[in-house]
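Structures for review follow.
Two complexes, one shared chain (chain A), two partners (chain B, chain C).
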Partner chain A sequence: MNIYINGTGCISPQNTAQGGPLLAAPREYEQVRLATVDPDYKQWIDVKQIRRMSRVVKMGVAAANLSLETAGITLPDAIITGTAYGCLDDTGVFLTKMVNQQEEMLTPTAFIQSTHNTVAGQIALLLGCNGYNNTFVHRGFSFENALLDAIMILKEGTAKHILAGGMDEITNYSHQVLSRFGIYKKAPVKTMELLNSPDTGTIAGEGAAFFALGVTSAPGTAATLTGVSTLYKPLWEGEVIGHIMKFLEDHHCTPADIDLLVTGRNGDIDQDEMYEEVAAALFPDHAEASFKHLCGEYPTAAAFGLWMANAIIAEQAVPEAAVFYGHAPKKINRILLYNHHQGTHHSFVLLTAC
Partner chain B sequence: MADLKAQIIEQLNLHEVAPESIGDDQPLFSKEGLGLDSIDALELIVLLQQHYNIRIANPEEGPKIFQSVRTMAEYITANQTIKA
Partner chain C sequence: MSEKVWIAGGGVISGIGLDVPACIKSFRDMQPGMAAMQYLPSVHRNTFPVAEVKADNATLADMARMPENISRTALLSMIAAREAWQSSGLDDISHYRVGFVSGNTVGGMDKTEDFFGDFLANPRGGRLHQVAHHECGSITELVADMLGIRHHVSTISTACSSGANALMYGARLIRNNIVDVVIAGGTDSLTRFTLNGFNTLMILDQQPCRPFDDTRTGLNLGEGAGYVVLVSDSLAAQLQPWCRLSGFANANDAYHQTASSPDGTGNYLAMKGALDMSGVQPQQVGYINLHGTGTQNNDVSEGIAINKLFAPHFPAMSSTKSFTGHTLGASGGIEAVFSALAIKEGIIYPNARFEHQMKELPFSPATAFSTGHDLQHVMSNSFGFGGNCSSLVFSKA
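What follows is the complex of A and B.
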């Protein structure tokens, strides 16, 4: 059974919400923290409802609506999301008030909106969708596990159309805390030069990407979601290489059948070493595209990567801003998306052109 | 009442509503008025506690108190105590 990507929607630090050719006018930044380019959310959300929504809720609802619009679906059978950090902004507001007001006179809105499943809940409320609604909070596997759940449900036959997506936001608090771990670069770096950076650390990012998945294709469908796999804390690069070989074999192909490798390189010289090893061992002559210099690093950044990979298949071209190495063949039939988050959460997504 | 309107806008995140556009007797919870809902009612209860040190002892009084900005102001005037 094929799982088709019938519609996609993305809110990111690039102009991804407005449609048009993929990354036709890429935004270049010189900073260590990228924020989303926000469209006018009122086109999807009523003014009275929008006032209670934090940025991650708005970007999630918008990306979900965009994906449903492109798929021509008004009501999915299920909504599945993945988020590592959830609604951080409202969590911060609620916790700050708890401290400042000695746990008294706490307002309900920030509490209600601070849970991780707020985005999936808001989408369901706005659509009037009473179907299966689930949110995965599995750090760097949050989005991938949402996809796996969607695939399993579609294969079980209990749903025909599923809305699946991943989203995370940065707040001042979270950026400060994460910066203490040394995750980010110490000084601003030009995003288009990030992947050639000679030192450790990356840039922070945020965004939301949603996919309308179905067991039948729609008029604009470009790709099938052929497979998703995850690998947690591999001991060495050989384990990753072996996992990819097995993953491709399970889907009846070899590295030679892959037309484009899309990687989650993030400009951290230590973390990018794994991509170097994998590319050298399995894909030495393949073209490679990357995406984290465009969207920044966050636990569900693979959702942006999948959105980009699907668009590459749809347009049969790799935008210059995404090229890391080589030239993709004229016919891009299969894309392997390989991403890892913090060296611990490795994920693999195989896309095949329809 | 102008201060109270500003506080309501701040508490309910109604930043697109100008204080002067809220009528003193405009219903707060009907569609003809501001169209507030039950979550907003909880926010208004917190507003009374935070700004005026007023706790609503009898929840059944709520609809009457929160009928309009004027009824809220009258309730505050009648019940306000000096904040500790």
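What follows is the complex of A and C.
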């Protein structure tokens, strides 16, 4: 059974919400914290509601709507989201008031909107969707688990169209705390030079990307979601390489069948070493594209990577801003997306042109 | 999709016991777990009764064999997950392809809220180890790493239905041959964040809660963890499984971010969907473990949906939250264990403090603990914020 990517929507630090050729005018930044380029949310959300919604809810709702619009669907059978951090802004607001006001005189709005399923719940509410609704919150696997759940349900036959997506936001609090863990660059770096950085640390990013998945294709459909797999805490690079070989074999292909490798390189010299090892072992002459210099690092960044990979298949070209190495063949039939988050969460998505 | 998924065992830690036998004894003795707060420091400690797990973090850490300074949510999770595994009859965990799917609502918030006071005073203040496991997924990984589970780890957060959705996803992982065994359920410890959040919604009862009673005025929060061990059909053949997870469904009420629709649309769709998957007729269900929080809104919506689906053959039903409190992300897991055990042991659990018939409903909950019932099918309901409604059906064979 094929599972088609019939529509996509993406809100990110790039101009991804407005359509047009992929990364035609890439935005370059020189900072360690990237923020989304916000579209006019009034297109999808009532003005009164916009004021009460946090950024992650708005970007999630917008990306969800964009993906449904491109797929030509008004009501999916299921909504599945992945978010590692959830609704950080409302969580921070409620926590701050709770601490500062010694647990007295609190109001419910921030608490209500702080739960991790707020985005999926809001999408269901806005669409009037009574179908299956789930939210995965597992760090660098949040989005991948959402995809896997969608694939399993589509194969079961209990749904024909599923909306699946991943999103995370940065807040001032979260950035301050995560910075103290030493995961970001100490000084601003030009994003187009990030992937050649000689030292450790990456840049923080955020965004939302949604996919309208279906068991039948739509007029503009470019690719099938052929497979998704995750690998938790591999002991060494050999385990990653073995996992990829097995993953490709499960989908009846070999590294030679892959036309383009899309990787989650993030400019941290230690973390990027794994991509070097994998490319050297399995894809030494393959063209490679990357995406975290465009969207920043966050646990659901692979959703941006998948959005980009799908667009590359649709356009049959790798935009200059995404090229990391080599030249993709004329016909881009299969893309392997390989991402890892902090060396512990490795994920693999196989896309096939249709 | 035809493959059957079985429940090979279960583990619970809650306000009424540190393991499954202790919880069952509390039901038998009609000893609910609500009391004044002993372990959670809060200005509301004398206002709202809660069902705390009756042990401090040092004791829980000893039981879990984990460090005392990690989140209580992870300690509770570890204790219940290990009990579940040990009850299953499976041997060394490394012999199987195992997944761990756990629900929780606020991750390591119990530590984050301690961190936050110092952090607000000074952005470099607060000890970082207190927020190292803030993420929901991090709690799951602390336990997966202790248990030696690597084939699949995932975390679900759909508010009060998180634990039930973990069972559904776990069952699908087995049916799709991704793993052979899944420890599935949920965990949550009490936090000031949650307590104050529910207080702003004005749905906390200052007395022990009275689910499905006409005079009910709100819920009591609880804490704990509960997990079942799901196994494939082929593995079940080598074990003595408690029962089978025969049906499940998840629907969205799509009515309001926190309130249930008056006619219980999502509740009805979830229960109906679960029965449809199991192939069970409503009159074949012997017992319903209600979501039954004790709020005005939940109980009437749930009751109306049950009335619509089951009338005129109402099974025995009760809310075990009248003993354990509402354990949020854990509740679906804890109540799945109680429901699976109900089939295995023929138990109908009591609904504590029920006195007044709800005027909207033609049925009332069971009020006494009883055993010896021949229960062929049991339903467990979990409904939550965000409109997330889930129902599970357990069957004897």
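Throughout what follows, the second predicted complex is superposed on the first by the 354 of 354 C-alpha atoms of A that agree within 3 Å, B and C clash if a C-alpha of one lies under 4 Å from a C-alpha of the other, contacts with A are read in each partner's own complex, and residues count from 1 in each chain.
Note that a contact is a pair of C-beta atoms (placed from the backbone, for glycine too) under 8 Å apart; a residue touches a chain by one contact, two chains touch by 3 or more.
Note that the structure is a prediction, hence the values are computed from the model and not measured.
Residue contacts after overlaying the shared chain place A:H252 against neither chain B nor chain C. The partner of chain A that touches more of its residues, comparing chain B with chain C, is C. Look at A:K330: by the touch rule set out above, it reaches neither chain B nor chain C.
Judged by the touch definition given at the top, the superposed model places A:P108 against both chain B and chain C. Of the two partner chains placed around the shared chain by superposition, chain B is the only one that A:V47 touches, whereas chain C remains out of contact. Within chain A, the residues touched by chain B in the first complex and by chain C in the second are 106-108, 112.
Of all the residues in chain C, the ones that touch chain A in their complex are 1, 42-44, 105, 107, 112-113, 116-117, 119-120, 123-124, 128, 131-132, 135-138, 140-141, 144-145, 150-159, 165, 169, 172-173, 175-176, 178, 192-193, 196-197, 199-201, 249-258, 265-266, 269, 384-388. Residues of chain B that touch chain A in their complex: 11-16, 35, 39, 42-43, 46, 49-50. On the chain A side of its complex with chain B, the touching residues are 47-48, 51-52, 101, 105-109, 112.
Touching chain C in their complex are the following residues of chain A: 79, 84-86, 91, 94-96, 98-100, 102-104, 106-108, 111-118, 120-122, 124-125, 127-139, 141-142, 145, 148-149, 152-153, 155-157, 173, 176-177, 180-181, 230, 232-233.
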